[in-house]
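Pasting the structures here.
Note that chain A is present in both complexes that follow, paired respectively with chain B and with chain C.
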Partner chain A sequence: MGEVIVVTSGKGGVGKTTTTANLGTGLAQLGNKVALVDADIGLRNLDVVLGLENRIVYDITDVTGGHCRLRQALIKDKRYEGLFLLPAAQTKDKTSVNPGQMKELCEDLRQEFDYVIIDCPAGIEQGFKNAIAGADRAVVVTTPEVSAVRDADRIVGLLEAAELREPKLIVNRVRYKMVKAGDMMSIEDIIDILAIDLLGVVPEDEMVVITTNRGEAVICNDHSRSGQAYRNIVRRITGEQVPLLSLEEGGLMNRIRRMIGFK
Partner chain B sequence: MDTGRKTPVSYSQEDVEGEENTILIRRTLRSGQKFYYEGNVIVMGDVNPGAEVVATGHVIVMGQMRGMVHAGAEGDESAMVMAFRLLPTQLRIANHITRPPDDEEPGTFPEVAKIRNGVVTIESYQTGRAAV
Partner chain C sequence: MLDFITRIFGRDSGASKNVAKERLRLVLVHDRSSVSPQILQDLKADLIKVISNYMEIDQDALEVNFENSENQVALIANIPIKNVKRPANVV
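Up next, the complex of A and B:
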């Protein structure tokens, strides 16, 4: 029986969809059977990010409405054998699915998949309630900005109220230079407010923009720091203990400097 | 029957408040969560920015108070707000509304807010002197 994980944030634009795509791809790379569910009905994105837009025939509302079988709506990924997408509808809105239907859908999916990852829409209304209805675990994505952290805090409260205990945190788009200079919230500042377990920290990385525009996941890129961060997060999700990425910018040169005694 | 309980010191009526109800919240209040109570409120956790605690009596936070707090919400000017870290976005006592000064470094020790001579004042918390 598979596990259902919802990726949520409250605020828009912090990287829920990117995170969902990368976690799904990463879990599939490790040989898991993964279903990605786009719960953002009316503003679907996950299919675009994965480069699968042109293969959509049926969507999530067709499944919940009984117009097609679940298998017919699932789109197989281009690159990974075990990765599937259940796309959102673009011409309908959030009220076309209810939490009961989502719960049922998650139950069906977990029979067949090792991991079911749900991409939650921004906001705290119907779309959010739908997305969390069938989940076992929640991953909260935030960026080091006061507004994003405030919304994440609201989300953690709502998850707790919905009996989704112990959500895990991903801090996205961190610029270590700015944190060092005191111009950006540090991971410690964020944890101090949210007081939940850290699943990982993803540095700001141009490669995310480049790969996303190509319909690829940055986790497939072996040389990018954000890809490495996502790979570590994936391993932590599967239960492995992985230390956090070094918080310093620059990598090799810094390491050499440290070795020869400069700071 | 001897219950094993003893009263080691006798208190005067002014030292002990037994009239009002007091409630204990054993968790952190997060953004968007509002707590209203007719009586005193003790929070064993933090009150995060965007959360609200409103009480007709005192409010004590055994953690960081970063949200909006209103003590003595029905006009009790003797109500106090006490916190391990008193960093509220806004602090209200009875019908006084205050916010922390823009340029002041927040304290790193327990503090008490109360009305003194008609003005909300914040002072460091010293054992036994809170009610003075």
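Up next, the complex of A and C:
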């Protein structure tokens, strides 16, 4: 029986979809059978991030509405055997699915997959309630900004109210130089304020833009720092103890060390 | 020019993250106290009702707010009194 994980944030644009795509790809790389569910109905995006936009026939509302079988709507990834996407509907709105249907869908998916990862829409309304309905645990994505952390705090409260205890935090788009200069909140600052467990830290990385342009997940890129960060997060999700990426990772000495294979 | 110099010597840096953290802390204290503006309004109205039994207050200048000191939230009410009623008038 698989596990259902919802990726949420409250605020838009902090990297939920990118995170979902990378966690799913990473878990599939390790040989797991993974289903990614785009719960952002009306603003479908996970398909383009994964480069699967041309293969969509049915979507999530076709499944919940009984117009097709679950298996027909699942799109197989280009690279990884075990990775599948259940796309969101683009021409409907969030009310076309209800929490009961989502719960049922998650139950069906967990019969077949090791991990079911749900990409939650921004906001705290119906779309959010749908996305968390069938989840066992939650990952909250934030960036080191006042607005994003505030929204994350609200989401943590709502998750706990919905009995999704102990959500884990991913701090995305961290710029270490700015943190070092005291111009960006550090991981410690954010953890101190939100008081939840840290799952991982992803540095700001141009490679995310470049790989996303191509419809690939940055976790497939062996040399990117964000890819390494996602690989570590994936291993933590599977229960492994992995130390955090060092703050100095981007420094010159480390780059040299990495170049000569001394890490 | 001064701006430029302070930027070079980085005297400004170190400040902005602390500002962010402090603002965030304050806003979260308020958020977490989970008191909606509606509740605050109702509370105000009730306060006016009760206090008016004893004294005449300046309703327009009445202020009710949450304030946080250290790690606690306090309800601070500033209620200007116009006139105290005579004991005989107390209902």
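Here is the rule we use: the second predicted complex is superposed on the first by the 250 of 263 C-alpha atoms of A that agree within 3 Å, B and C clash if a C-alpha of one lies under 4 Å from a C-alpha of the other, contacts with A are read in each partner's own complex, and residues count from 1 in each chain.
Keep this in mind: contacts are C-beta pairs under 8 Å (C-beta built on N, C-alpha and C of every residue); 3 or more make two chains touch, one makes a residue touch a chain.
Note that the structure is predicted; figures quoted are calculated from it, not measured.
J.: Judging by the criteria at the top, classify the pair chain B and chain C on chain A as clash or fit.
T.: Here the two partners, once superposed via chain A, clash with each other.
J.: Which partner does A:I210 contact after superposing on A: first (chain B), second (chain C), both, neither?
T.: In the superposed model, A:I210 contacts neither chain B nor chain C.
J.: Taking the superposition as given, does A:C68 touch the first partner, chain B, the second, chain C, both, or neither?
T.: neither
J.: Is A:A195 in contact with chain B, with chain C, with both, or with neither (first, second, both, neither)?
T.: Touch status of A:A195: first partner only.
J.: Quick check for you: in the superposed arrangement, does A:D183 touch first (chain B), second (chain C), both or neither?
T.: Second partner only.
J.: When both complexes are superposed, which of chain B and chain C contacts more residues belonging to chain A?
T.: Per-residue touch count on chain A favours C.
J.: Quick one: is A:D153 in contact with chain B, with chain C, with both, or with neither? Answer first, second, both or neither.
T.: both
J.: After superposition on the shared chain, which partner residues are touched by A:V57: those of chain B (first), chain C (second), both, or neither?
T.: Touch status of A:V57: no partner.
J.: Would you please give the residues of chain A that touch chain B in one complex and also touch chain C in the other complex?
T.: Touching chain B and chain C on chain A: residues 150, 153-154, 157, 193.
J.: How about chain C: which of its residues touch chain A in the complex?
T.: Of all residues in chain C, those touching chain A are 10, 13-18, 20-21, 23-25, 27-28, 31-32.
J.: Considering the complex alone, what residue numbers of chain B touch chain A?
T.: My answer: residues 28-33, 46, 48-50, 66.
J.: Would you mind writing out the residues of chain A in touch with chain C in their complex?
T.: 145-146, 149-150, 153-154, 157, 179, 181-186, 189, 193
J.: Can you name the residues of chain A that touch chain B in the complex?
T.: 124, 150-151, 153-154, 156-158, 160, 193, 195
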